[in-house]
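Labels run A, B, C and D following the written order; every chain starts at residue 1.
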Amino acid sequence: MKKSFDRRWLFLAVGLVVVVFLRIPFRLKYAPNQKTRGVYQAVESLPPGSIVYLAVDYGPSSQAELLPMHEALVYHMLKRDLRIIAGSVWESAPPVTDKAFEKVAAVLRKEGIEKKYGEDYVNLGFKAGLDVAIAKIGSSIPETYPKDYRGAPVKELPIFEDVENFDQIGLLCNLSAGSPGARQWLQQVQTRYNVRMVAGVTAVMAPDLYSFFQSKQLEGFLGGLVGAAEYEYLIERPGLGMAGMNVQSLSHFLILGFVIVGNIIYFWGRWKKRKEELE
Amino acid sequence: MTAELIGVWISALLTLAIFSFLYKDNPIYKFAEHLFVGVSAGYTFIQAITGTLIPNLIDPLRKAASGTDASGWFRLGALLLGFMMLLRLVEKTRWISRWPLALMVGTFAALRMLGHAQSDLVKQINGTMIPLWGAGLPWLLWEGASIVNHIILIVGVLSVLIYFFFSLEQKTPLKQVGYVGTFFLMVTFGSSFGYTVLGRVSLLIGRVQDLYLFSEARYHYASLICSVAVTGFLVVWEIFNRRKGKRGQSDQTG
Amino acid sequence: MLQVRVPILITIFVGVFMILKFFFHVPFIKGVADELEQWCLVAFAMAIVLGVANILRINLRVVMKRRKDWPYKIVLVFSMLVMAGVGLFDLITRGDVSVGSRFQYLFEYILTPLSATVFALLAFYISSAAFRAFRARNIRAALLLISASLVMIGRVPLGAAISGTLPKLADWIMAVPNTAGQRGLIIGAAMGVIATGLRIIFGIERPYLKGE
Amino acid sequence: MGSERRKALSRYRYFLPLIFVVFCISRPLTIAGETETAKEAVFHREHLNVLVALIVFCAFFFYFLFRSRKGRALYLRKIPGIRAIEEAVGRATEMGKPVLFVPGIDDIDEIQTLAGIAILSHVARIVARYDSSIIVPTRKSIVMTVCEETVKESFTAAGRPDAYRGDNIRYLSDDQFAYTVGVDGIMLREKPVANIYMGAFYAESLILSETGFSSGAIQVAGTASLSQLPFFIAACDYTLIAEEFYAASAYLSKDPKVLSSIKASDYFKIVTILVLVAGIILVNVKPEWVEMFKFWF
């Protein structure tokens, strides 16, 4: 085994693949799995006018993974005339929520659909208290958030006309990058109030959610950028997720190649050493 | 607009400065590194004030002082604890800080222990009591409940538990079961490795997408100019180092 | 006595109190336990001052003695003071540090790109680890590698393009053997937590004050 | 302080939890009748299972404690990673380089941090005995404080209070990656030859172990953070997995009191497995009883 190999060649290879292929898109075949389809079907199944509670629990450092699916979900929901109440128990999340709403509203405006703040969507902002805050939101939304992120009393907002708690919420959708996140929402709200729930999480968190999907507590979930891309494919609106998919695919194969080459070198070295010992 | 423009330029420069570490440890990187450590320490400091001290200490005390909620006075105890922590700064009174430390350790050890016992132990055992026969399950399925999947699940959980058995003597048959457990552990680690690769590559894609965004004309090609500047600096620095002779040992990580 | 015994008794007392709160619904116990939790949070926050003092002490000493890399330490201390100063200034003048404040500006354009980029470095390190560290030294290591590879290619569209079975296989690995291993690990770890927790509450293990 | 009083106090130490256990058992019995009618039950019924588990655990614990006091040795299998810690410190001494100990990146409210610090106290003692030095970078200021206390006490206990250097227990930064970068810097510039990672880890595990791997240091890791274990397994010489990690401080201390808690968790595990198997059989044979059985979980 060559010890003197400079690992910076590997860095260069990865860097080049990402930088170059981000600008050279090619068509890929998507086969969204049950979890992704579950999220899509959950959103599709809601009658227009239903209210979705969007729990945004991630900050700018996880934007790369979660913002694409965040935008796709908000787009899909608003386009289907669902109304969204968004809140967060992460301090750095509310600006991200605002950003996603503004961006999607602008896109819809271009398509000729006008969506209004306070009527079709609202950002409640941050609530301190971690798990405890989630439990409180579960018992009463307007009591936990007397004012929205812009300081307006929520009871005066049209969207809150007949919303008290999760009995009036059609779907709970959680986007999370850690704890508190999907697990806590499952424990504190989904189980207690038996509300329908879907989630979108970072890839590192995704393996955790398989058992909740199996136990049918979650109707579906999106894992990482791939989940976002599959969702964009389902709603037929390519975005940041699909834009990154070719690089994502190629990088995985590149890393797989590294593993294979590394092992070939390793076994070759072992074989040579054994041959030398025999001689 | 100008504030945003300056911000974008700073972001682009700092992003590239951190990436320059991939070449080797260098002054630009070190600058960014120390900036990062400093800024985040300052950030935490402010977060502690706005996130905890104001809502959990000052607000209740203020309420108590104004007479609306007398129970707020209890928070003086918290203040006292905090001050006891700060007494560490003086050598003579250092030991006093052990009291609040003991309090915190005791509180959280109990809280976590109970939390784990409830959510991890009990719930996971409950989740593993699954039907094998009689429930009309299909034999084999890719997704969802099937007899084979359930058998594998149960065997996996039990064998991993046995692997963690510390009183196990050598050469007992149980040892073999524990060995099977390690197979399950390795598959678990492998799959979480796979998913982690997925996530990290996505983050890199996110950064590069940002750099492409910053290289647009409206930002005056910030990332392009910054990358030329960073590369230029590295070249000059490298030449300067070589001239200085070989005595300067490099901090190369490669 | 005051230095060793009292802390141990405090730990035991508080630990038992928290356990009582978990099992019994008595308003008095609940009230005291909740208040204790709040005290801990506040003491935590006040300890940040200690951290800052520590940073100042260590770095200023390096600067004074002109040790290696001392100019960078000035950058560190200076940026910390600026960030904290801007935050305090915002707090006093605006009353918050949320969107639109100078503090938020520094956060968005300095801290966010820095931390996100360091995160992104992980993609490079993973590829290097893949090449140099992930060896099929034995059957178990081989198993780790094979399952990692299947999940990696099964989850991306390019893998699905190669064969329709790959995504299914990747999903099966995640849902069945992975879940089994996770559960075993979680249950085992919970027992470790209980053992450690009890040791601490009973005062047998006191990491913060060893020796008597 | 008089040894008499110390003895009395140390008995008291076990007495308190005992009172608690008795209390726990007696309370629900006396109030069993009223719970049905009371609007808010005094005893949290849904937590009964945890209570039973804790009582079983404590029972095993006291049984083994009692047995070990009688002088019977407790057998535990060997864990290679734990021996490796001592070897790593030994090598650091030979080369005159420091040992780096990372107590995870979580705060003191995480039990993994506490377990890591318990291990630190043993490692620091070995370091003091070998007359080597130890660097402990921390991410939380309270963890720093606790580590200071721990290392100082360990050096004192080893008879080398003079060798303790406060500068080596450092608070780097609260930000995860600023901290990581700081530890990387220590690895590159101060070149420790033994890196020991014990505690809760997140994304930084890969960066730390990769940098350590390329610097050629001996690396021993221990964590119960499941998603980070693959990286430690790949890049470290030895890794303590989940429960092994929690047991490590007991192994290192060789104190019968601590060891008996490991024994207790082993026997508790047997009970768990039996309950699990019973549950699975019940689910299949008498599904109609399952709800009653599962009520306990």
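Convention: a contact is a pair of C-beta atoms (placed from the backbone, for glycine too) under 8 Å apart; a residue touches a chain by one contact, two chains touch by 3 or more.
These numbers come from a predicted model, not from an experiment.
**Q** Counting only C-beta pairs in contact, which chains form the busiest pair?
**A** B-C
**Q** Round to the nearest whole Å and give the separation of the Cα centres of chain A and chain C.
**A** So the centre of chain A lies 21 Å away from the centre of chain C.
**Q** I'd like to verify one number: the distance from the centre of chain A to the centre of chain D, where each centre is the average of its C-alpha atoms, in whole angstrom.
**A** Here the centre of chain D sits 33 Å away from the centre of chain A.
**Q** Cα centroid separation between chain A and chain B, in whole Å?
**A** Averaging C-alpha atoms per chain gives centres 18 Å apart.
**Q** Name the residues of chain D that each touch 2 or more other chains.
**A** 47, 50, 53-54, 109, 111, 114, 142, 145-146, 149, 173-175, 177-178, 181, 189, 203, 206, 214, 226-227, 230-231, 233-234, 241-243, 247, 262, 265, 269, 272
**Q** Two or more other chains in contact with one residue: find those residues in chain B.
**A** Chain B, residues with two or more chain partners: 22, 33, 36-37, 39-41, 43-44, 51, 85, 88, 98, 101, 104-105, 108-109, 111-114, 116-117, 121, 125, 127-128, 143, 154, 157-158, 161, 164, 185, 188-193, 195-198, 200-201, 203-204, 206-207, 254.
**Q** What residues in chain A touch two or more of the other chains?
**A** 7, 11, 14-15, 18, 34, 63-64, 204, 207, 211, 214, 223, 226, 248, 251-252, 255
**Q** If each protein chain is taken as a node and each touching pair as an edge, is the resulting graph a line, ring, star, complete or other?
**A** The chain contacts form a complete graph, every chain touching every other.
**Q** In the complex, go through chain B and note every residue touching chain A.
**A** Chain B residues touching chain A: 22-23, 47, 51, 55, 119, 127, 143-145, 191-192, 195-199, 201-209, 212, 254.
**Q** Which residues of chain A touch chain C in their complex?
**A** 7, 10-11, 13-15, 18, 28-31, 33-34, 60-61, 63-64, 92, 94-95, 98, 207-208, 210-211, 214, 223, 226, 229, 245-246, 248-256, 258-259, 261-263, 266-267
**Q** Quick check on the complex: what are the chain A residues that touch chain D?
**A** 7, 204, 207
**Q** Mind listing the chain D positions that touch chain C in their complex?
**A** 1, 9, 13-14, 16-17, 20, 23-24, 27, 40-44, 47, 50-51, 53-54, 57-58, 61, 107, 109, 111, 114-115, 117-118, 120-121, 140-142, 144-146, 149-150, 153-154, 156-157, 167, 170-171, 173-178, 180-181, 189, 203, 206-207, 210, 213, 224, 226, 230-231, 233-235, 241-243, 245-247, 249, 253, 255, 257-258, 261-262, 264-265, 268-269, 272
**Q** Using the touch rule from the top, collect the residues of chain C that touch chain D in their complex.
**A** Per the touch definition, chain C meets chain D at residues 1, 5, 8, 12-13, 16, 19-20, 22-26, 40, 44, 47-52, 54-55, 58, 61, 68-69, 111, 114-115, 118-119, 121-122, 125-126, 128-129, 132-134, 144, 148, 182, 185-189, 191-205, 207-211.
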